[in-house]
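The two complexes that follow have subunit A in common; it is paired with subunit B in the first and with subunit C in the second.
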Partner chain A sequence: MSSTNLNKAVSPEAGPDATPQAHDSASSKSSGWAVFTFFMIGFVGSLLAGWILFPELLYSQKNQPIDFNHAVHLDAVTDGCDSCHYFREDGSFSGMPDLAACEDCHQEAMTDNPEEVKFVEEYVTPGIEVPWLNHSKQPDCVFFSHAAHVQGADMSCASCHGDIGTSEHTRVYEENRITGYSRDIWGQSISRLGKPGPGDPRPMKMNDCAECHEDETGHKGACFQCHK
Partner chain B sequence: MKEKHSNTPAKRYGMIIDLDKCTGCGACMVGCYAENNIPFKPDETNKLDSINWIRVFKLTNHKPYPETEICYLPMPCMQCDGVGKHGHSPCVSVCPAVATDYNYDTGIISQIYTRCFGCRYCMAACPYHARKFNWWDPVWPADMEKYLSPNVSPRMRGVVEKCSFCFHRYQLAREKAYMEKRTDLAEGEYQTACADACPTKAITFGDLNNKDHAVYKLKNSPNAFRLLERLETNPKVYYLTTKKWVRKAGDNYLAHEEPETLKTRIKEHH
Partner chain C sequence: MKINRRNFLSYGTALVLGGAAGSMLTPAPWKLMDDLAIWTQNWPWTPVPEDGPVSYKPSVCTLCPGGCGINVRLTGGRPVKIEGLRDYPVNNGSLCPMGFAGLQYLYNPARVISPLKREGKRGEGKWTPVSWDEAIAAVTQKLADLRAAGRPESVACITGSDHGAMDAFVSRFMTAYGSPNYIRSATAMDAMEQAIDLTQGQQGTPVFDIENADFILSFGAGLLEGWGSAGRMLNLFGNQKSAKKLIQIEPRLSDTAARATQWIAIHPGAEGALALGLAHVIIKESLYNKYFVDNFAFGFSDWVDETGRAREGFATWVKAYGPEKVSGLTGITPEKIMSLARDFAHAGKPIAISGRGNDDLPGSMDETLAIHFLNALVGNINKTGGVSALPETDYAKWPEINIDETASKGLQQARIDGAGGDEFPNTRFLINRLPGILLAAGESPIQALLVTDANPLYALADAENTKKAFDRIPFIVSFASFMDETAAFADYILPNHTHLERLQVVPATAGVARQIIGLAKPVVKPVYDTRHIGDTFINMAGALGGFVAQAFPWKNYEAFLTESMGNQWEELNQKGRIEIDHSLPDPMAFAFNTTSAKFEFYPTARSTKRQAGDSALPTFTPVPIEGDPNRFKLTLIPYDAMRLAGGDIANVPFLTKILDDTVLKKQTGFVEINPATAKKLGFKEGDSAKLATPKGEAMVRVHLFEGIMPDVIAMPRGLGHTAYSDYLSGKGTNVNALMGSVEDPTSGLDMAWGIRASLTRA
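Then we have the complex of A and B:
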């Protein structure tokens, strides 16, 4: 009696070799299923935490200082994106317009829109540059030439930045708490599977650059092509 | 490894340094420091761990007065092509991290600081001591950080850096060319900071493959030589001198060897 008890007690840990009796194999089989079930619960739980909870923790959310309406501006200007995001003669790209460029039109509020009134009161009147959050900011070691892509390869702004020109509100800026970069660089999909939808900005990691270069030009290029 | 990066004809950017014109003033070094955000120590007396992308060496013929002669020799990265111009330069072939590669468009050897993990194999492999190691994070005195160039990324502790032939200037010149719908650059559009800074115009920079560039003719001058040519690193930095002893200082010659006869031997070998 006592020896049977002993056998049962050791069987789950000692494995099949330690339980020669036939009537014990059934109980070890059922406990094996229990272990497997608990393992799977833990495994799936960790995966869910990793894929759903972790991104929530990884990214902090910020709003742009002004809720900018691209659609309204795109209707009002004559030169499309180039009206505010223009190339200089030396080939450098102006990027986000500075306050002086905005002041060309917004010396005073043109409408009753609360965001515009806020913009004029908080930034234009005291002469403070708007601290826009840049979704596409790259690390210091990256050399990106807008001229090569837009002037040289005739690419549209939307092919990388998405249909930002038709947006009526600014998006939430999600900042990686560890690296400080925007979530747009990694891409919205945390697993980086699948392609971004039409109108969505494209992810901008090095692999994304290399992939497109390989497709379009047949080679990834040398390091110095995109690094400085 | 692919031997071509684009469909445009390959360039081989190179430098000719006329040692007879060099006065050893060091303007090239100063220009390089400012252009490339090169860090320096509060006390630079210990040159062993100094960082510089171009360094002016002082040569002497070791003769007593009145035959004493001095020559100053500025040394940037030699941008070696390797045997047969296949980009098999000493540093590129040893890098385990692919942090340095040969650009087949320009012949310029890159150095990617964020990729480098500081093993310093490349420093050991480089026969010209062109590569320097960052033993410390750079510290800029007072407000100097605000004067750093945004076109060159500053380095961090634990990585190797070296002369890039001011590659960012090539990139910026290309941006302007894109705006003007051009594919080629004029000779003057892409010049290195050291070439610009040299007051005696001892440094000439350009495309060694382009017959219209000054360097094309200068490299074929009978006074031209390269450093440690016997190693067959095939550098793209040439030196000009009329002085035989200077030319002889460019390699480890035995007493009976003459640079001229040696050059022929190397040519025959390949």
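Then we have the complex of A and C:
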């Protein structure tokens, strides 16, 4: 407290009110360390928020309406993936099978499996299409030809969609709250660094298309190839 | 380290800067930017096309009576495109713009989406949605009351066409109910049908075998403006390389005239004079078909009637129409008239076609007969490549109809429009006479009006007067799919499905040389709470009970078709069409069903009491179009265009969008005016003007056009709607509303081709 006394001494005219003010002025000066500390709090805080909290907030978690077992179906059918996800006569790809396709076998429940019973009761009997959540759905501005990749370039389904065909349960569908699309499009890694593990679906942003095209064809491709 | 007011800012800034710097090293801002960009593409109002398997459903277009085959492309069950159906015998893949734009009828905001009951004043636009049961009960109650009062004839029905099973269905309802007042909208075929009936004694749809003809002389027929089956006409004349010779005679350079081998501009309304002038030259120069005229025609040479009176034959009669005189009437040089007559007579298979525009206007009987006589002079009647009549094939087998005493009494009453009566014995329908009759009568002779596939409040001349007349009808029921002018004026609307939602048997229209019966199949489930008009009539008949219900024993319209068409149904349902060859009478016999059993140049069946003199031969007297020539110095003629639906059906946005900005600009329509006339009146291109006729006024703009005769101005049909949706109403001027109707003295049909008008600076 010596500085206070000193102040008092050099300014005898100063009233008693001046004392607390004078007392604060030294410690209230923003010290460089303190500023740095606050900067770092903000810096680290936003790093944590951006890397950990943000992905948590960005995606909502949804379950598929029916816990579909791909493995069982793949065993039961003769034509592999093509049995349900087939090319139409005009070359367009059927995508997710509609109810009519499911009904070919599931007019009535074939097993006691509660998921199958639920499927028949809630969708087949009343004739309602199942609102499947599509992990690979792209915006309308993207034109993608399955025929060019699967039939033309002889790629397997798994090379993009991962080992979905052998899964026994559906995965949680992480929906982007802003865009409504699946997290799979951006990729599980929020930083988009690293490669997906073997058997994981591949990210499907434009850069992913371009990257693969560059590797495989030597060229990223032109805008109009996908944006018609 | 204490935080207080003074250092708060520094620390706060440090915190924010730290946060900002840190966040730049996280994925958040970059990812958010990307997500926001994608978010903007997925706003709920951004249209996203349906995904799913692509399929095609063939059907027949019923937007106009043309009966073109269509192929509807569907994606995942949603119709996304309409194309012309290849190999369909009427149009073989070609289609008019309206047919292509047909999807916009299905999803049109002007659609009536449930039965409606009027609230408030007529035409005020206040409606209460009601259930189908309630609507049908209300309408049948009114019909039952009128029958109970012994006045079934006071119920009238106005319909857009009288071909096809559906029209026969409605007509049958009227018969069972007991009213003779089934009235068809006017078409040019009214006059042509009558001309063929009078001269050949054949009732049926006129056939112009243009495919097999080599010289087409069209007196203003809008062959490329929507005439007949537009798809067929596009096949015949749409290709510039088409070898078929087409001479177009009309005062305006229409699309048909532009495409023709030769366009001959004629004073409006003088077409009949030209036809008589051509006949004069053909007869004078002995170019006519002597074999046909000598053996199979009556009234060509002078003759003596049963009272011993000497009568002039057609050959003598046309001596009054020498090229010099006709040149004065038509504005065409005598040399041109003579060379045209020679070309026509020397051609292998020449056909003369009457009727202006896309055949919404009947025209004068004299003119129609004079033009048809050209076909007879060259003997091109009932021949391949000629003109004949297609008898309506009764492909549906109807169970016998029983009527009660009330109906029988009602049916014996004279028709309200006077058609088929003492005055106009040869005419079947006279819708143009209705407004006058309604306004003249003390109590409206029509107590209840049913309107199907027709929009008389838009299409009839002099809209204001017509509206006043229809307001005298106590009860109007519309079966329209859209809120058209007549529906907007109705008391009840029982909305029909649109053309893509309903099952219909469609015979090909006038002109086609074969009987082609197509099947319009629903390509999509009804989008709204509408009902097939056939089912509505079955419901109404059922509610009326008695013999009326007995006449409609079917569960629904589809059941009626399958039962009444018997074996043919299967073929029709499978192939989408049935073709019946049109067997022409033996060309060496030329049997005609007239009194003389010959082609009658002197049509004995023609009512002549109001004819000049007492001859039934066609004469040329200018049609007295309305307006004092001193006050109205110009002549206004309406024209048709393929991009404008001008009749009972209206434009959709696609069609209105492709109109030139010299037809419609913003909300204002244009009149076409010759630059010389414009200069005289002081108008420049695009100037605003006030257009006045004896029937009304409108604000327009002027479009200077070399293709219109001086002192004649032209306006398209199809604009100036007051109903429908914002996409159409209030755009341009309804030219019909400015027209006046002139009754033909012998047929009663409207023969006005224009009206006198004035244009003044606005």
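Following the convention adopted for this analysis, the second predicted complex is superposed on the first by the 189 of 228 C-alpha atoms of A that agree within 3 Å, B and C clash if a C-alpha of one lies under 4 Å from a C-alpha of the other, contacts with A are read in each partner's own complex, and residues count from 1 in each chain.
To be clear about the criterion, contacts are C-beta pairs under 8 Å (C-beta built on N, C-alpha and C of every residue); 3 or more make two chains touch, one makes a residue touch a chain.
In this text, all values refer to a predicted model and were calculated from it rather than measured experimentally.
*Asks:* Applying the touch criterion given at the start, work out whether A:V120 contacts subunit B, subunit C, both or neither, answering first, second, both or neither.
*Replies:* Neither subunit B nor subunit C is touched by A:V120.
*Asks:* Is A:L47 touching the first partner subunit B, the second partner subunit C, both, or neither of them?
*Replies:* second
*Asks:* Name the contact category of A:A101: first (subunit B only), second (subunit C only), both, or neither.
*Replies:* A:A101: touches no partner chain.
*Asks:* In this superposition, which partner touches a larger number of subunit A residues, subunit B or subunit C?
*Replies:* Counting contacted residues of subunit A, the larger count belongs to C.
*Asks:* Which holds for A:D90: it touches subunit B only (first), subunit C only (second), both, or neither?
*Replies:* After superposing on A, A:D90 lies in contact with both subunit B and subunit C.
*Asks:* Check the residue A:A34 against both partner chains and state whether it touches subunit B (first), subunit C (second), both, or neither.
*Replies:* second
*Asks:* Have a look at where A:I178 lands relative to subunit B and subunit C in the superposition and call it first, second, both or neither.
*Replies:* Touch status of A:I178: second partner only.
*Asks:* What is the contact status of A:A222 with respect to subunit B (first) and subunit C (second): first, second, both, or neither?
*Replies:* After superposition on chain A, A:A222 lies in contact with subunit B alone.
*Asks:* Is A:C141 touching anything from subunit B or subunit C once the two structures are fitted on A? First, second, both or neither.
*Replies:* A:C141 contacts both subunit B and subunit C.
*Asks:* Indicate the residue numbers of subunit A shared between its subunit B interface and its subunit C interface, in ascending order.
*Replies:* 90, 92, 139-141
*Asks:* Flag every residue of subunit C that touches subunit A in the complex, lowest number first.
*Replies:* So the residues of subunit C in touch with subunit A come to 1-2, 4, 6-7, 10-12, 14-23, 25-28, 31-32, 34-36, 38-39, 41-42, 48-49, 51, 53-54.
*Asks:* Name, in rising order, each residue of subunit A that touches subunit C in their complex.
*Replies:* Residues 24, 27-31, 34-47, 49-51, 54-55, 58, 88, 90, 92, 94-95, 139-141, 176, 178-181, 186, 190-192 of subunit A touch subunit C in their complex.
*Asks:* Across the complex, what residues on subunit A touch subunit B?
*Replies:* By the definition above, subunit A touches subunit B via 87, 89-92, 139-141, 143, 145, 147-148, 151-152, 217, 219, 221-225, 227-228.
*Asks:* Using the touch rule from the top, collect the residues of subunit B that touch subunit A in their complex.
*Replies:* 2, 4-6, 98, 100-106, 108, 110, 112-115, 151-154, 164, 167-168, 171-172, 174-179, 181
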